[in-house]
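These notes open a run of structures that come right after.
In the two assemblies presented below, chain A is common to both, partnered first by chain B and then by chain C.
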Partner chain A sequence: MENRPLEYDYTVAKMFMLATIVLGIVGMLIGVILAFELAFPSINTILGEGLAEYTNFSRLRPLHTDAVIFGFTLSGIFATWYYVGQRVLKVSMAESGFLMFIGKLHFVLYVIGVAAVVVSLFAGVTTSKEYAEFEWPIDIAIVVVWVLFGMSIFGLIGIRREKSLYISVWYYIATFLGIAMLYLFNNMEVPTMLVSAPDGSAIGGAWYHSVSMYAGTNDALVQWWYGHNAVAFGFTVPIVAMIYYFLPKESGQAIYSYKLSLLSFWGLMFVYLWAGGHHLLYSTVPDWMQTMGSIFSVILILPSWGSAINMLLTMKGEWQQVAASPLIKFMVLGSTFYMFSTLEGPIQAIKSVNAIAHFTDWIVGHVHDGVLGWVGFMIMAALYHMAPRVFKREIYSKSLMAAQFWIQTLGVVFYFTSMWIAGITQGMMWRAHDEFGNLAYSFIDTVTVLHPYYAIRGVGGLLYLTGFLMFAYNIYKTMTAGRKVEESELASASPMGA
Partner chain B sequence: MFHWLEKRPFFFAVGVFIAIAFAGLIEILPNFAQASRPVIGTKPYSTLELAGRQVYIKNSCNACHSQLIRPFKSETDRYGHYSLSGEYAYDRPFLWGSKRTGPDLMRVGNYRTTDWHENHMKDPAAVVPGSIMPAYRWMFTNEADINTAFAEQVTVANIFSVPYNKPVPMKDGSTAVVKMGNNVKEAKALALEEAKVIAADMKDQDVKDAVAKGNIPEIVALIAYLNSLK
Partner chain C sequence: MDIATLQAYGYFVLTVGLTVILYAYIYHLYKNRKDADGHDYEEYSNIALNDDIVDTPVNAVSKTEDK
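This part shows the complex of A and B:
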């Protein structure tokens, strides 16, 4: 065999990169609209009274969460898989017609699924379960897409040349298995079209409607086991997969510690799933489950920080790169936000803190310092690293990239600081009593007080969206007008030598 | 051991699966039989209430309103008795929510009336100055989907043995029977009967006319559901 580097085939990776950018813009734009609707309610009818049903906060809210989770993040995960997978397994997609077909089918069905989700959520067809709003026909489509993703992972592994699986592949496998298990169990539902009336006549009604298999407290338990761990296996595990590949590649530094990556991988797998109970503190689920949820959330700091510290120490002796390269900035700040967010989460999971934090904007703030600062930054960094290698052109503008970094960082800081203050203010006002033991504030007092924080949060979101549009523009210009470059000219050192 | 695993994707995947499945088995399964028993005084939802619950879900009311009262003085003072597991026995799906942008609604039927809801859904800020809740005027014209509500009712009766047309014990020692029709026609008649009671307390002439003609707007179903939350 000829001794030359493999030519990898990025056809599918390119498709998912495009989806990442488009769905990112859609999801974040809806997020900004929602933020301003809370600050200025008249925006709810921005397109007029006739369309109010579709521009209303409550109708748009699931669209925002699902567009950023299942649109932006998931396509980012797929895009990086179709890039990283080939490179660490030392095999090209072009070598297998079958895998190429699966990859393309995966993309096509994914896009159809996304379209179906958008239409159904605008129409108000929802099961109400957070991040699992889709009715059964879409659930089935999602399972098919997921199986194709699995076939692609294990298919590529099956024909690999490099026998040892690199750390990123561990995390992609875990993403596949975790989401598969959680999604299946949480979406167990009975379609109502299956029954006929007691006298045997047909009922009619919406064919897509279904009833949850679980009731009340059990339903809540399964939902938050899912909801919390969808975060684990959508926002943590695959993003860690990305940073384990892209940070060493971009910086030319080897991973600091193999043992630390082992500890944090297996630790994360075992501990994360227990922590879902912290969404149900002081609810009607049994006390011991709440306590377990609390305790395991605190233990979760160890594996989370294990990965993050491993990443930061990978930069040991090379910190000048943080100043020099905007791409490294994204990844280092991403790891830092990951540490920050995985410390904040366990604090909120302590029962007495949760008593104040639950149901308030502090939780919203926590989610967003994780997703904006960690997930968003890491996916954009991954795409920035991939673009020159995929399109064989240099990044169009480094200074635009640096400006984007600072604008978005400022946006994230506005976002979480305002939500902290809003959340703690509201949590304290809800529980305040006067000297006679009566409630000190009516509910509406605790809403109107939040107005300035909602406005600041909206500005923060707008800054982040602006940065994302700069990112989209930069990638677009890279594709069309960047200076042509061969991969061998690009500085890179590498996990597994690729 | 780990080096061995890292060369064997199958066993690696099995290992990961065991690690992640463990928690679910131990934390979730043991509770299943116990938590689904209703407490005394909890009734299944009527056809109209179920239709209203579907309107509630369709508009993601649960994105801003919780239905879970925690056992703190500040919460019981504001919303009433703290929530009990059995009160949710007929809630499929559960609607606890995760964010209180607006107040909890677990027992809203105890302290708000049909009339209040009507005004509030039309223009929230007119009823509660400073409110950031949007208006839901389309509910006054959209028609409630009784067919689907009835299909849901039959499904839960058949599969989960929800006691329709059977006496259920109430707190005062009496029993109550929640009726379910034998076919769509009967279901609609039952729903309309309830809808007329609600419409009688409302001011909107279009809604009153619709109900008089035998149609049920979404708002009527929603108010029936909200009034049932106690």
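This part shows the complex of A and C:
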């Protein structure tokens, strides 16, 4: 082995890789259970009436969303940051005892936060704000975790050797700033023990319980400004950060246009923050604000496609790599699903389309072709690329990875096609009426019609979960049984065993 | 003018202003091709491609340190 004075230190990256896989399994497993509960309601009480409180849809649903968003995805973001950050700034975490301490503290507090979330949500303790269900003590803990993430980012930038910040670092910084702003404002809440009734008497309630500082339409506006931008700064910005690093690196190709990456960045930052109003079409929100939400959603196609096309063009002349490497397949299909999802979203945000789509399963389908096809694929691809470099071993099995790719792709296709059909059927049935304006169908009529599509969705989710377990097994075997590799084999395409 | 009208004008001015800034930035990128340090923007792709700790940075923090 050649003499190298300094190595990147992936200790913290490895910790978050483990968290990504564990929380991914938990979140997706709960998702599959929920899908089958919708198709076969008796599963809601599968462990008996006594435990029905813990197994019913409403108790498990926030556990699914929060586990995949704040568990799987955030861990993936942290894992890739602690890997990519060092490499593109050309500085090792081993060079700073302080940053290493902050990184480890970040991980430990994050795990404690996750445990608190799991326990409290299972116990039914919730603020009832979607994707912001955590009560105030947990919110404060999460702010501390986030500040530590920021210290890691800016600390590493502070001791860098590469003066210019690579485009991925811009996206990681935007993730940090965006989520910080959103989280703080949406979670402004008052503990109920501090609130008094109009007559001055104390309301009381549990010490950990709180109420939002906003009410009515204002609360809805802040909530969806937060909710939609959580998609922006949790599911889009950091995942774009990943693909801008991992696809060029794995394929050995320079980004097709670095300038396009810069202007797409500013375009995305400019446009995304205004689009959240599309969640509140036909509500009590002022009409101009709804229109603004629709218009900015449509404009959002441009910066989104700017990044996605930039990635596909990075493979120009190198498409044989897509055929040859399942790892590149994950990223190219991820980028394609990103394009698909960022076209579908704006279509749904158009008012006349939204009149049919709103509250239907089509929305659920849209979210899932984005998160399964784009976020999930990209995070798994990132971890596959990182594994040989952090463990100094080749990826255990290429054929297993290829099988996983096709199983999961089939799962995603089952998921979104069934939800398209279910959603549009649902929307049409809800609106149908006779010549006197009487509704043509009752709610239970739609449930009966949708049953087969719910079953197909459950199968799609199960296929995706199966693929994720194959991924976990492949990474585990890479770590323990993969052939040892030298640094010289790790320049671009990841080494893979048969 | 009431507050809502002021907000509406403010919003319009902000939107137009940011749009002009974004397009000016695009024009700037493609006209100059190079940043203030004299590096072609496209060179920065190499930050990812040559990211081993022993590789030479594209734009080192201090040239005197890396002699």
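The rule is simple: the second predicted complex is superposed on the first by the 473 of 498 C-alpha atoms of A that agree within 3 Å, B and C clash if a C-alpha of one lies under 4 Å from a C-alpha of the other, contacts with A are read in each partner's own complex, and residues count from 1 in each chain.
Methods note: a residue touches a chain if its C-beta (ideal position, glycine included) is under 8 Å from a C-beta of that chain, and two chains touch if they have at least 3 such contacts.
Quick caveat, the model's predicted, so the values are computed rather than measured.
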* Name the contact category of A:Ala481: first (chain B only), second (chain C only), both, or neither. => neither
* **Partner chain(s) touched by A:Trp430 [first = chain B, second = chain C, both, neither]** => first
* Asked: In the superposed arrangement, does A:Ile112 touch chain B (first), chain C (second), both or neither?
  -> neither
* chain A: partner with more touched residues, chain B or chain C -> B
* Asked: So, A:Ile140: does it touch chain B (first), chain C (second), both, or neither?
  -> neither
* Just chain B (first), just chain C (second), both, or neither: which does A:Ala355 touch? -> first
* To do: Scan A:Thr192 for contacts with chain B and chain C and give back first, second, both or neither.
  => first
* Identify the partner contact of A:Leu439: answer first if only chain B is touched, second if only chain C is, both if each is, neither if none is. => first
* To do: Quick one: classify A:Lys163 as touching chain B (first), chain C (second), both or neither.
  => both
* Asked: Is A:Ser128 contacted by the first partner chain B, the second partner chain C, both or neither?
  -> first
* Structure fact -> Both chain B and chain C touch chain A at residues 163-164, 262, 266, 270
* Show which residues of chain A lie in contact with chain B when the two form their complex. => 37-38, 41, 44-45, 49, 52-53, 56-59, 61-62, 124-130, 154, 157, 163-165, 170, 173-174, 177-178, 181, 185, 190, 192-199, 201-206, 209, 211-223, 225, 262, 266, 269-270, 272-274, 276-277, 279, 282-286, 289, 292, 296, 355, 358-361, 363-364, 430-433, 438-439, 443-444, 447-448
* chain C touches which residues of chain A in the complex? -> 4-8, 87-88, 90, 92, 160-164, 166-168, 244-245, 248-249, 252, 254-255, 257-259, 262-263, 266-267, 270, 288, 487, 491-492
* Footprint of chain A on chain C - complex, ascending -> 8, 18, 22, 25-26, 29-30, 35, 37, 39, 41-49, 51-55, 57-61, 66
* Asked: What does chain B use to touch chain A in their complex?
  -> 2-3, 6-7, 9, 12-13, 16-17, 19-24, 27-28, 31-32, 35-36, 54, 57-64, 66, 68, 70-75, 77-78, 83-85, 87-103, 125, 128-138, 145, 147-152, 154-156, 158-160, 180-184, 187
